[in-house]
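Here's the structure we're looking at; comments come further down.
Note that the chains take the letters A, B, C and D in the order they are written out, and that residue 1 is the start of every chain.
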Amino acid sequence: MTERRVAGDPRAFSKAEMMIVAAARALEGQRVCFVGVGLPNIAVNLAQRTVAPELEMVYEAGVFGARPARLPLSIGDPTIVTGSTAVVSMLELFGYYLQGGLIDVGFLGAAQIDRFGNINTTVIGDYKHPTTRLPGSGGACEIAINARQVFVIMRQSTRSFVERIDFRTSPGNLGGAEQAERIRRKGGWLGRGPSVVVTDLGIYHFDESGEMRLDSLHPGATVEAVRASIGWDIKVAQALATTEPPSHEELRLVREELDPGGAYTK
Amino acid sequence: MAASRVVSKVATMRDAIAALVRDGDTVAIEGFTHLISFAAGHEIIRQGRRDLTLARLTPDVIYDQMVAAGVARKIVFSWLGNPGVGGLGAIRRRIEGDIPEQPLEVEEYSHFGMVARYTAGAMHLPFFPLRSYFETDLPVANPLIRPIVSPYGEETIYAVPPLHPDVTIVHAQRASAAGDTQVWGLLGCQKEAAFAADRVIVVVEELVSDEVIRADPNRTIIPGLIVDAVVVEPWGAHPSYVQGSYDRDNRFYLDWDPISRSEDAVQAWLREWVYDLDGRAAYMDKLGAERMGLLRPSASAPSGAVDYGEYR
Amino acid sequence: MAASRVVSKVATMRDAIAALVRDGDTVAIEGFTHLISFAAGHEIIRQGRRDLTLARLTPDVIYDQMVAAGVARKIVFSWLGNPGVGGLGAIRRRIEGDIPEQPLEVEEYSHFGMVARYTAGAMHLPFFPLRSYFETDLPVANPLIRPIVSPYGEETIYAVPPLHPDVTIVHAQRASAAGDTQVWGLLGCQKEAAFAADRVIVVVEELVSDEVIRADPNRTIIPGLIVDAVVVEPWGAHPSYVQGSYDRDNRFYLDWDPISRSEDAVQAWLREWVYDLDGRAAYMDKLGAERMGLLRPSASAPSGAVDYGEYR
Amino acid sequence: MTERRVAGDPRAFSKAEMMIVAAARALEGQRVCFVGVGLPNIAVNLAQRTVAPELEMVYEAGVFGARPARLPLSIGDPTIVTGSTAVVSMLELFGYYLQGGLIDVGFLGAAQIDRFGNINTTVIGDYKHPTTRLPGSGGACEIAINARQVFVIMRQSTRSFVERIDFRTSPGNLGGAEQAERIRRKGGWLGRGPSVVVTDLGIYHFDESGEMRLDSLHPGATVEAVRASIGWDIKVAQALATTEPPSHEELRLVREELDPGGAYTK
């Protein structure tokens, strides 16, 4: 069954599966997670079924404490409603839950990210005359500001990990940790910004200067492959780890329960 | 006590759109994934409205269709996509300049910004304050997002202006003939969008008696007081969904992706599914009973009842 | 999916107040006529808390009793009276200077001002804007009510600052052991007061399973996430009421009027009904089954159930 | 049975009953009424049972479209909830319904009123050292500003109808119609201010200068009695009317259904 994913790979899992599993594991010990659209959705649902059974999933559509019986394709699916703890208006969700400071982790995807974790999901090219029009902020801008910390999951390439993002939709560590700290304190932000980035090649955290650092390589990935797919000179941890491959149970959950159609893991 | 003589606001979709949606209007068909009135959007296309400003947090497939049909000159939004699937081709082509004879203006916020705009509209406030937009390019892209200084302690946050749709259209599980409307499941910002609007059309799965509404007044999200027309249109939200009635038709959203990539395919779809049909009943006939059957919930999940008590 | 291991927050009233209400705290026992936690107020009196700032839209009889007992140094409010009956003597005497050894500071808003303050607190906003106070003496009496200029078009309206209670206490029909709380009937501003607070105590008529809550998630007003203690105290709102369970004891409110006019009578009442009793069960015993019987609703008025549907 | 109310009065109704009946009649043709605490409560409930069966009663407690089965003693009584059209949070009630401009008539009581309909319900004497501490604004301040028009019901005396109120809780026509119009327009108020005052002696409207004018005397009342209980030189309409006495049905409703205990009509 695993063959259809990565033919010939002895470990028998895809890069997308590794990314989703690693992202889910990052939620261990977290309590309240705001679930972004796309890849975060499957990662957070996997975490609730594995490392974080007490995780409260918050969907911007207005749901607190979701218990989806199936993986929702959209983040406003009826399965996130039935059996949830609370369904509230979006005014309350964004006002009382998010801006009120109750979200431990905001889990976002991104089209472009820079070394300080600033995110673009708005346009490629000039705003008024875009080469590519992307979806825009949705809730990402306020999640990045108000969630206590931000996790990011995205595929990496020189088009997505760039020296300079074309539009800043969601603030990360701005121009560096010192500036970001000063501005967050002055503005009374509740969020401390980005803390983990999980890609199809590895796991990154942010160092004291607020800059992204490769801390763990996924099985089969190399530092060279990482460097070749990042638009700046990426910092690499001295004690670079190797990500534990997906367990049988993690793969089973992804393949049989969460994404039997392979929409996320192709 | 004297019985109140209620004037029925029940109308056909055709009559409601003809009477209440005018060229040049700002129209909000709201509903976050849940309860999106595709039926109203299709009727607006059929009646050939022009120069509309279309407001919605997530323009979704319905605004892709409406923009493709040429009803809009502008969209006001916060997230532009086919949720969980991809992009909205008809809208993107017009924004990216691929169809220069149909330019599309954009006015862009974040989700909370849009919700706050409707809320300011509903509350008749000149602005709504929020902690979004710090250190982003959004206030540069949209100069209507403005800083505001707190009168307590010099803190600066951001404000958005009120949004007052000329018409807000919402789909709901049920309403009375007077327009008192009840919803369960995701509430989105329909209440705020309705209170902010000059005119309101409610489209429902089921018309119920006043007694059903009054038996559970905490479920009422929109009072008939602000409703201009009640349209009874079962399945009127397809391919969006109605909690407890039918599922989101994810296959439709997935199928839209390749259609949306081609202007010709979109126009062909509009001919087949909108122009050549005279309304929602014909659309559902064409969709077919088998497809509808697949969208029924797998089982019922009753809420249970609570007791309000009689107090005489 | 993995079952979530819920930590029970169920506590006795005595333990909840002992652990969560501290001298000098700002305490909000909210509930507009409906669901006022008299039981919590009495326990705070019994435990001899001091220097509290008591916030509430309508101080009502419960704050008259608490102020008479000497727990408060200040009240924050918008309407000071015994609704439909008259004044609150213990509070008035202290404001009017008749008991100079127990001065009582006042900070005064309008109803919407108080609601807006809790809302700003819940939303972590530095202020909330509103169209009240124009051309009144309220901003003079309370300089925390301040003008604010809209960033759109120079319009000036008013703002109020956030209110962040150290503790908010609400009564409700039901909650789970985790603190997920559901209410029907008047909602007042309990949700906003709870989200604005640092600590939250929920007092309920009935403890229910997680399944009851999750069967109707639209009725949840407070998630267990923000709740510190769940106290199960049937009749804990008397002489206030619980929709569907018991009526407002209007006779009690009428009887309070002459008591409240005399400081001695108030102190005698507190001895008899608070200090000499060890909790709400003893209070209800003393009130008696006959009186309780008179307060039952005349008949049930069921809400009816709705269907959320299973989606697997 | 009427004897216990006004012994010896041939018409057999009390001044309070006349006041309540006249106030209820003033609501004829109105659609949405925000019901204040106290006397407005019984007047509006009577109106719904007589001249205005389609009247939507709004209670600040959070109820729209109340159908009370009994007269609520307090304006947060459970009987206003059961069978109502909608129950909402006070944020929505004050924000969306009142400030949003949906209230046709705000019906208020008052402790003091001046010739221009400005109202005091806060203190008698100095604010910081009051002779009498009154309840305060409650919702009155915002009702006066945001309801399309304001009706007032109160007993009149030289202590309540005063040349100068001690504290302005709720704005009326300020210093006169011209000033009030200018300020309302500039401030974007939705309300046009006070339009009717009903007392135990008569019915008043506001003339072009924004000043109160006696337009109708209740049966048994005299202009002299009115003048003796008003602290300024009251204007009197040239065509002074006499208020139609309460009908048998109006009295029956007040005495048997609404206020059998005589709480409001003593």
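Note that in this section a contact is a pair of C-beta atoms (placed from the backbone, for glycine too) under 8 Å apart; a residue touches a chain by one contact, two chains touch by 3 or more.
The model shown is predicted, which means the values in this text are computed figures rather than measured ones.
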item	value
Selected interface, C-D versus A-C, where C-beta contact pairs are more numerous	C-D
Centre-of-Cα separation between chain D and chain A, whole angstrom	58
Between chain B and chain D, centroid-to-centroid distance (C-alpha), Å	40
Inter-chain centre distance, chain C versus chain D - centres from mean C-alpha coordinates, in Å	29
Residues of chain B whose C-beta touches two or more other chains	119, 124-126, 130-131, 155, 157, 184-185, 187, 191-192, 215, 218, 243, 247, 297, 301, 308-312
Touching two or more other chains - residues of chain D	63, 77-78, 81-83, 87-88, 95, 99, 146, 188
Chain-level touch network, classified as line, ring, star, complete or other	other
Pairwise chain contacts, counting only pairs that touch as defined	A-B, A-C, B-C, B-D, C-D
Residue ranges of chain C in contact with chain D within the complex	32-34, 57-58, 77-81, 83-85, 87, 91-92, 95-97, 108-112, 115-116, 119, 130-138, 140-141, 155-157, 184-189, 191-192, 241, 243, 247-248, 250, 253, 297, 301
Chain D-facing residues of chain B, complex	1-5, 119, 122-126, 180, 191-192, 195, 213-215, 217-218, 220, 223-226, 308-312
For the chain D and chain B complex, residues of the former touching the latter	32, 48-50, 53-54, 56, 63-65, 67, 69-70, 77-79, 81-88, 92, 95-96, 99-102, 146, 188, 190
Parts of chain C lying in touch with chain B, wherever the complex brings them together	124-131, 144, 146-148, 150-153, 155, 157, 159, 161, 173, 184-185, 187, 212, 215-216, 218-219, 243-245, 247, 297-312
Complex interface listing, chain D residues touching chain C	37-38, 41, 60-63, 72-78, 81-83, 87-91, 94-95, 98-99, 122, 127, 129-142, 145-146, 167-171, 174, 183, 187-189, 263
